[in-house]
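Each of the next two complexes has chain A plus one more chain, namely chain B in the first and chain C in the second.
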Partner chain A sequence: MRLTDILLWLFTAAFFVFMLLPILVVVVISFTSAGYAAFPIPGWSMKWFARIFEYQPFIDSLIVSLELAVVATVASCLLGIPAALYLARSRSGWATAITTFLLSPLSMPMIVIGFASLFFLSALGFGVSFLALCIVHTVICLPYVIRTVTAVYRGISPAYEEAAMILGASRFTTFREVTLPLIRPGIAAGCLFSFLTSFDNLPVSYFFGSAQTNTLPVVMLAYMEHQFDPSIAALSTLQLLLAVVALIVADRLYGIEKMTVAT
Partner chain B sequence: MKLNRRHFLGASAATGLAGLSGLPLRAQENVLNVTAYGGVWEQAIRDCFVAPFEAKTGATGTVSLGGPAQWLAQVEANPENPPLDVLIMTPDLAVIAAEGDLMDDFTVEKLPNLADIPQEFTDACLGKGTYFDYGVGGITYNKQYVSEPPKSFAAFVEGVAAGDFIASVPSISYGPTPVFFLWALNNALGGTVDNVDPFFEAMAKMKDNLVFWAGPNDFFNHLASGEADLGIYFDGRTWNHVDEGVDWIDFINPEEGGAMTTVAVQKPKHASPLAWDYINEMLDPVNQSKFADILNYGVTNKKVQYSEKLAARVPSMSDAILPPYAEIARVRNEWVDRWNREIGM
Partner chain C sequence: MSDTVSSFAARHRRSLLLAPALIFLAVFFVMPLFDNSLRSFAPEEGSGFTLARYAAFLTDRFYLGVIVETVVLSAAVAAISVVIAYPVAYVLVRKSGRFSGMIVFMLIAPLLTSIIMRTFGWQVLFARRGLVNQWLVQDLGILDAPLRWLNTPGLAIAALVHVLVPFAVLSIASVLQGVDRRLEEGALMLGASRWRAFREVTLPLTMDGIGTGAILVFMIANGSFVTLVLLGGGFQTLPLLIYQQFNTTRDFALASTMSTILLVIAVGCLWLQLRLVRRQGV
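Let's look at the complex of A and B:
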């Protein structure tokens, strides 16, 4: 083995240790028997996982977060996929401008979007509501669907769709039988990013929080500011597990490699 | 009628929208939307204030978790139909909300228990709110490493500057820092709101032996890991750690008097009139003493009887100093700017 290979191997190992060690510490702390977060832990216990289910706001906000992430992801797909298909093949100068506009939430501070949306949607009569949350989360999730579907669609030759239509398929049949199967990895990647972006979002959800609409990150922040026990570490471990399961399912269904090509 | 694709999509969308339980929050008769911080705070609010309110009025209280900046923004965005009926506020935001004419006046006619709250607490909210709970910022230390803790802010500065202790102090990114640390230390060292040189000179002397915390949990980690020996922290949070089994931590209210860090209660204009009944429960001496017992913080009703354990812990109102929040709000940005230039953390 050459020296450069050894150095590269060491660098890679150090990189993974640097990235994974803090996560590992959080996972270990979630199993502590102590009433406070400290490392190393004095003993092992599952009580902080039980605490998650005892504290009703965690459960209520988890349900709100899951509902919100699903609605925002579906709405992003319904709006984003047609837009991406049109914009990816358009030769108009406007297409670039519209694409940039639709992707603009990625480059804006989330807290600005949240604050501005609160006042804008309140002026429109939506106020602090689940519907308002759905609208704003769709705005911030939309760029992920557009970005991934556009990237995949641009890599597909128009000849497939042209061949289908020459052979007599209608536009809708061509979309359903040819285009949709080909862009599926892009849609899957967009859905995954949308779901996780919505589920983890704090700065936007923060401004729309109420007894009925608080999301899990908002409740976790409120809890952490005034409680010192390791139940947040336990909740983080469960979230980590959920993300890993989602990635494994996505890999089995579509293949992570195809999805990463889409991004 | 023939069902085509357009009809189907339209009907699906309408069904989906109708299914979202997402109509804006509106003031509902017999439902009161109140606010609370998370965790033990929320439980204390429910047990000590919401439960007696519900028992007396037959109304229902819903509790929104979050923070004052979030709640104030929601009220500012919906001033004619506020989504919240009772706000828990930091003292500086309480002044901003009062100056913005977003809150109702507090009077003894509306709130009989207000008569037993020191008038200065209502005055500090410009008459549009009052304080119901307070903590004190002082010196928390690790008993394993500090056998003779400083008893005053001045001794704290001397000890840290001399390298006797490594101190963990709040960074400027933590909201209450300008008041409970900057103003308190400056005041103890002879400064005024318009002259904060004593504070910055002290920080310059201590700089080699300081670490900064961005949030209260960081402070505890600094002490637990040995990164710091002592620091500036709150009494109630320290006692909460003690009650959770941390036996190596202790708190001192400095001789000059620590800064009183208060929590205000306010009622937005156009909020439900039931809010007065609820706020009156928040100011009730029996409810407040229950609340204090759970949170380890002082409360403001003069008739409150603390439990024996708490009486030994809570500094009396005369042993702490009420910062001039309205004056501080005037110069706060200058202080933050100077901090960023001279300290940077």
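Let's look at the complex of A and C:
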């Protein structure tokens, strides 16, 4: 091996230590037996996971976050899949412009979306409510579904649908029996990104905080400002576990390669 | 279809598929941002239109400093991310072989963790009696006394780079993947050194990846505030000030002005990004 190669590999190794160390430390601390957050830990225990379930605001906000992520993901699919079906088969200039517009929420600062939406939705009478949260989360989740479904559908030859139509299938039957099964990996990837984005979002949810609408990240942030104990680590570990499980399930069902085509 | 009239009708019926998403985003994405900008132009009393806030903002030394600091911080994070990301992307595309799956996994895994989790990790690692100080003082003996890391600008920048550098790696890797290896080999055969072949062939061919990666990182850094709220560092940036205005000062018109400025920067970045993507012909 040449010297430059050795240096490159050393640099890459250092890079991944930098990337993974802060995360691994939190995972380890979530199993600490100590009453404080420090590394290395004096002993192992599960008590901080138990503590999560004793602290009511964590549980309440976890339920809000899960419901919110599901609603935002379903709404994104209902709005996004039809648009993606159209955009994937259209090559005109204005279709590109519309795609850019539909994906643009990804590029706008979240804090601005959150702040602006709070005032706008209050003026409409939604105020700080679960419905308002659902609307804003759908705005930031929708682009993921559109992007993944468009990419997957674009890679599928129109010949399959044409064949179904020639054989006498109606438009709806063609969609249900041919198109839908083919774009399923794209929908799965879109749902996965959408769910994780909503579940993890802090900068938008922050503006819609109230006893009934506090999401888990908002409650964790508030908790961290007053206390620094390992329950935040335990919650983070659970959250990471959820994300990894979702990723593995999606991989088993559709294959991660097929899904990353879309990103 | 033989009948052009019905095909025309069918085509337009198809475009109805776009309607739900377009209407939804027009109402709940464009209108709020528009409404927010309007608020920044509204005078304190009565109705009308005023540029007073922008004039005040752009002449006040403090606020001008905030804009500069926001842009400089994001640019610094983008530059550091790209410099760190390039060798990693190079290893991933050209050298990793059977390890490439593992490298991609290690790159994606941090993206699945929350900002709160990473910040918590940084706070533990760099606490006064944390792991890093322990290494430096006791194990390696480099320092005599533990250093104060938390609330320093350096640590805040490192934490921002940590969040954003995977995006830079992925942007550069995707462009590097498309660069024909034979071009570099050709330069080598013609007698160029490995460094020269890299500098004069591969690097220029991947400039677009560096550009898209840098803009992407810059854009996200520009809007981020959670890391800066939790890790300190003494920065005064636009998102941080919006956050403070919302929480304490409650001057919403000023916050609207700041978010509109932030929005204009974001739209500028989006425009640049699109130009780069077009040039790549994707």
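The rule we apply is simple: the second predicted complex is superposed on the first by the 242 of 263 C-alpha atoms of A that agree within 3 Å, B and C clash if a C-alpha of one lies under 4 Å from a C-alpha of the other, contacts with A are read in each partner's own complex, and residues count from 1 in each chain.
By our rule, a contact is a pair of C-beta atoms (placed from the backbone, for glycine too) under 8 Å apart; a residue touches a chain by one contact, two chains touch by 3 or more.
Everything quoted here is computed from the prediction, not taken from an experiment.
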item	value
Clash or fit, chain B versus chain C on superposed chain A	clash
First, second, both or neither for A:170, with chain B first and chain C second	neither
Contacts of A:119 with chain B and chain C, given as first, second, both or neither	both
Partner contacting more residues of chain A (chain B vs chain C)	C
Which of chain B and chain C A:37 touches, first, second, both or neither	both
Touched partner set for A:146, first chain B, second chain C, both or neither	second
Chain B versus chain C as contact partner of A:92, first or second or both or neither	neither
Which superposed partner A:214 touches (first chain B, second chain C, both, neither)	first
Touching partner for A:239 - first (chain B), second (chain C), both, neither	second
Partner chain(s) touched by A:80 [first = chain B, second = chain C, both, neither]	second
Chain C region in steric overlap with chain B, selected from 148-156, 184-192 or 256-264	148-156
Shared chain A surface residues [contacts with chain B and with chain C]	37-38, 115, 119, 123, 207, 221, 224, 228
Complex contacts: residues of chain A adjacent to chain C	4-5, 8-9, 11-12, 15-16, 18-23, 25-26, 29, 37-40, 78-80, 82-83, 85-87, 98, 100-102, 104-105, 107-113, 115-117, 119-121, 123, 135-136, 138-139, 142, 146, 196, 200, 202-203, 207, 217, 220-221, 224, 228, 232-233, 236, 239-240, 243-244, 247
Touch list for chain C against partner chain A, complex	14-15, 17-18, 20-22, 24-25, 28-29, 31-33, 35-36, 39, 84, 87-88, 90-91, 95, 103, 106-107, 109-110, 112-118, 120-125, 127, 129-131, 162, 165-166, 194, 219, 222-226, 230, 239, 242-243, 246, 252, 255-256, 259, 262-263, 266, 269-270, 273-274
Chain A residues touching chain B - in the complex, by the definition given at the top	34-38, 57, 71, 115, 118-119, 122-123, 125-134, 206-207, 209-212, 214, 218-219, 221-229
Chain B - residues contacting chain A, complex	17, 20-26, 33, 37-42, 62-67, 70, 73-74, 76-78, 81, 83-84, 215-217, 220-221, 224-225, 237, 240-241, 244-246
